[in-house]
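Before anything else, here is the set of structures, which you'll find just below.
Shared chain: chain A. Partners: chain B in the first complex, chain C in the second.
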Partner chain A sequence: MKNIFKSELTLSQNGFLFDHGSGLTYTLNPTGQFIFKNIEEGKQAPGILRLLINEFDVSEETARKDIDDFFRQLSEAGLID
Partner chain B sequence: MGINIGITGLHAADNPAPGIGVIRSLRHPDGWDGKIVGLGYDVMDTGIYDDGLLDDVYLIPYPNQGFDAIFERLAYIHSQVRLDVIIPTLDSELALYQSLEPRLKEIGISLFLPSPESTKNVSKAYIDEFCQEIGIPSPKTFVVKTPSQLDEGFKEIGFPLMVKGIFYEAYHCENKLDALSYFDKIKLKWGLPIILQKVIKAEEFDICCVGSRDGDLLGSVPIRKTRLTDKGKAWAAITIKNPELDKLSKKIIKGLKWAGPCELEILQEKKTNKYYLLEVNPRFPAWIYLCTGAEQNLPKLVVDLALGKDVKPMPCAKSGMTFVRHATDLVCPIEHIEHLTTLGELHYTKSGKEE
Partner chain C sequence: MAPKKTYSKPTIVRHTVGVMNKFGRPPATVPMSRLSGFSVEELAGEYGSPLYVLAVNELRERYRDMTRAFQTRYPKAQIAYSYKTNYLKAVCSILHQEGAWAEVVSGFEYDIARNLDMPGNKIVFNGPYKTREELIRAFNDGAMVNIDNYDEMQLIEDISDELGKILEVGIRVNMDLNNPPWHKFGFNIEAGHAYEAVKRALSNNKLKVVGLHLHAGTYVDDVTVYSRAAQGLVDFYAYIKEQLGVKLKYWDIGGGYASRNTLNWAWMPAEQTCPTFDQYAEAICPILMNGPFQAQDAPRLFLEPGRALVDEPFSMITSVVAQKRLPGGTRGVVLDAGMNVLSSVQWYNYNFQTAQDSGQMLEDTILFGGLCMNIDVLRQNASVPPVRRGDLLVIPHVGAYNISQSWQFIYLRPNIIAIEDGKIHVIKKSDTRDYVQEFENVPDEFKK
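Up next is the complex of A and B:
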């Protein structure tokens, strides 16, 4: 999966995300950090879904909603197209 | 023998001048062995009393005292401490130093300044025209030379608009009543012309640049301001890495054939993501020390340029470096103020005491 982010992003161990292109910062919760790291590693949404269910012991419905919400927020923040 | 540098703009209160940031950059520990000579306008220029920052301080006449008075004072200072380079840091000094440059060069003081032509192109009255020439978007502007042109300007720009003084001050106006009131206020303080400018809903980025005079961009540090004072001055900011801003900076510096430091104010329209050049400030910004923290010591680069050294474009600045401005109280004995008041000069030893 190619890099989908519009500019260089750095996520700290504590979930602090810095957008090098705009100078804006965001705070990600553990779910957001987990999804972000997997996107960075090049995983696709279906793969992330399975990993999220295993990691956080949540239903498929909850995991799918979390992933959709996260992608929507990335888009609203202008971090992805 | 070290290189001695004279720096102006030492007052750093609620609207800080760039001089202190320039000096801190020159003091940055990588082999500086010359003296830093503060050129102040007033005994209460705050940076004079920052222990360890300056080697010598001299008061100089304000630019409106006339070119000869300032030249004579600088020549006297040069005879006392040998000034190799002067870095003027205030907008209001630029024309003065451009005019004095040949005379200062003759006595051994070097400067590195933009040409009067470049400076004219970035004045608020001409920048729109310059942007059109080099194909860079800028907010639509109307220059009001007489009050009778106001209605035509309001009609052409439309509301909301900015009413801006030719040198300082800018006000956001939602309607004609506001605009007339601010027009009168600015006219009384700064005179005509006054600029009417279209308001663009945008994010602002600022870039400190140094140009080579041939149109090369030798250094540039883009930032986003993250905290502003009620006067709109940066109180915190972060360095960024943005290829679009880099391309824009190169194009602007090339178009201007800019020599020395400047600060570009860039808007990115929220709706379209399009970039606009809002203003070019013909000097270092007050936040210049952030550039040094981001691994581009631009004041040192300007000193090298002034000395005629062969310099290469600097590597990309480090993004994610941030500053927070911090107000503090400087304490000094009354003798410091006494020396400056009576003699117009003050000399520090390495222990921080006056000599």
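Up next is the complex of A and C:
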């Protein structure tokens, strides 16, 4: 599946994100970067949730809420629909 | 299996410029994890959240600093602590230990002071409404009573007849110092009312004018206002001395001194704008020392600080109970403290510091109070790092008005603790349902 970002985005190794469409820049923290890269690879929320729980020390409940909120932030920023 | 990586809430923050001014602020990402040497987490665990915490040594230090600043410039300066700002018994008692007198504005506050064994002659009694009984008690105790209006003056003349003696009084005056002017209290100097009031007071041989009281305003961070107030007192004293032969035992330049909390409409942080006690004293004392008297006859100078003494030594610990994403993308965080215990959010942009290391990713956040009321917003726009339910925040400088104006509303009011020399004292227990309903009654006719 193709990634869902609306414009071309480039994420640096330390979490600096450049939006080629708008020229805006963002900073993502390590968990934000982890989720972002998985979205780029075309993964969807349930899959990302499993990967996040395997990789980080976090409960499923917390991770689920946080992923939901992260998607909302991406949407409010206009990066996804 | 490799250990899992440390988790933090995933965030994406858009870069913006221009949100800081050139003076900066203490970064909200530096956790304030300890208060008076104790872990914030442990204090909240033991005494609950929200929780008011008083650093007693800071309160003592502020009293001593203010006294030093004024007495080095005006030796007969005396602080009369403004009870209304925070009349917790422990707070008043600590300040009395340090040497403060009491400034009260009601019979209730007067009673608190007397109950703390303050003699009447160390109580300044102000305010626009004092009852006959309260005034009689005050005059019998030898308190300093400052007259606010003609009705009160006439009432005190009646009391003079009743007690069969000439009563010593102060006259409260006001002048053009602020915009809008503070003309609610006392008699206006520029309009001639203050002069008429002194003349009127002396006319029946029942009252003797021995004091003048002038209060500049509230949260006055411009020291030149105090210089003008001091000059106004000097000029007025010179005039009534010359015209009416008045000799003052005291003059009182009131309170209104600021604290390091930023007002909602100020763009400079209070850390930069709040004057020191030395700056206030330097603006006031040299002018008063040029008054119409020999140095040895200088009237006692009363200062009535409230906020400037008690605001900064208090902190509040509060917990995150929820967070949400608002339409428009702003983050909202709900706290367990509300306006009912933090009424000064009407005036202040409080500083909210996390108690734990929450990372560096600041995000603009609306901080909601926990009350089920739409108006309960503690800060419209705070830079807060990622937090989650259960995280603790510390709000510094909450000692002025929040406690004396707290409302019993929706939630029970929290514990208040004081810390000194490594010892924690509970100075007010949290409300209980029994306490709140103690004086209520359900008549039999209303029972189901």
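The criterion applied here is as follows: the second predicted complex is superposed on the first by the 81 of 81 C-alpha atoms of A that agree within 3 Å, B and C clash if a C-alpha of one lies under 4 Å from a C-alpha of the other, contacts with A are read in each partner's own complex, and residues count from 1 in each chain.
Heads up, the rule we're going with is that a residue touches a chain if its C-beta (ideal position, glycine included) is under 8 Å from a C-beta of that chain, and two chains touch if they have at least 3 such contacts.
The structure displayed is predicted, hence computed values, not measured ones.
Taken together in the superposed arrangement on chain A, chain B and chain C fit without clashing. Comparing chain C and chain B on the residues of chain A they touch gives the larger count to C. In the superposition on chain A, contact is made by A:Ser22 with chain B only, not with chain C.
In the superposition on chain A, contact of A:Ser12 is made with neither chain B nor chain C. Once chain A of one complex is fitted onto chain A of the other, the partner contacts of A:Thr62 are limited to chain C, with no touch recorded for chain B. Applying the stated contact rule after C-alpha superposition, one finds that A:Pro30 touches chain C and leaves chain B untouched.
By the document's definition of touching, of the two partners only chain C reaches A:Glu76; chain B does not.
By the touch criterion defined above, A:Gln44 reaches neither chain B nor chain C. Here's the short version: in the overlay, chain B gets within 8 Å of chain C at its closest Cα pair.
Residue overlap on chain A between its contacts with chain B in one complex and with chain C in the other: 24. Only residues 17, 24-32, 34-36, 54-58, 62-63, 66-67, 69-70, 72-74, 76-77, 79 of chain A touch chain C when the two sit together in their complex.
Touching chain A in their complex are the following residues of chain B: 203, 205, 223-224, 226, 237-242, 319-320. Contact residues of chain A toward chain B in the complex are 7-8, 10, 18, 20-24.
Partner chain A is touched in their complex by these residues of chain C: 3-15, 323, 325, 328-329, 359, 361, 386, 388.
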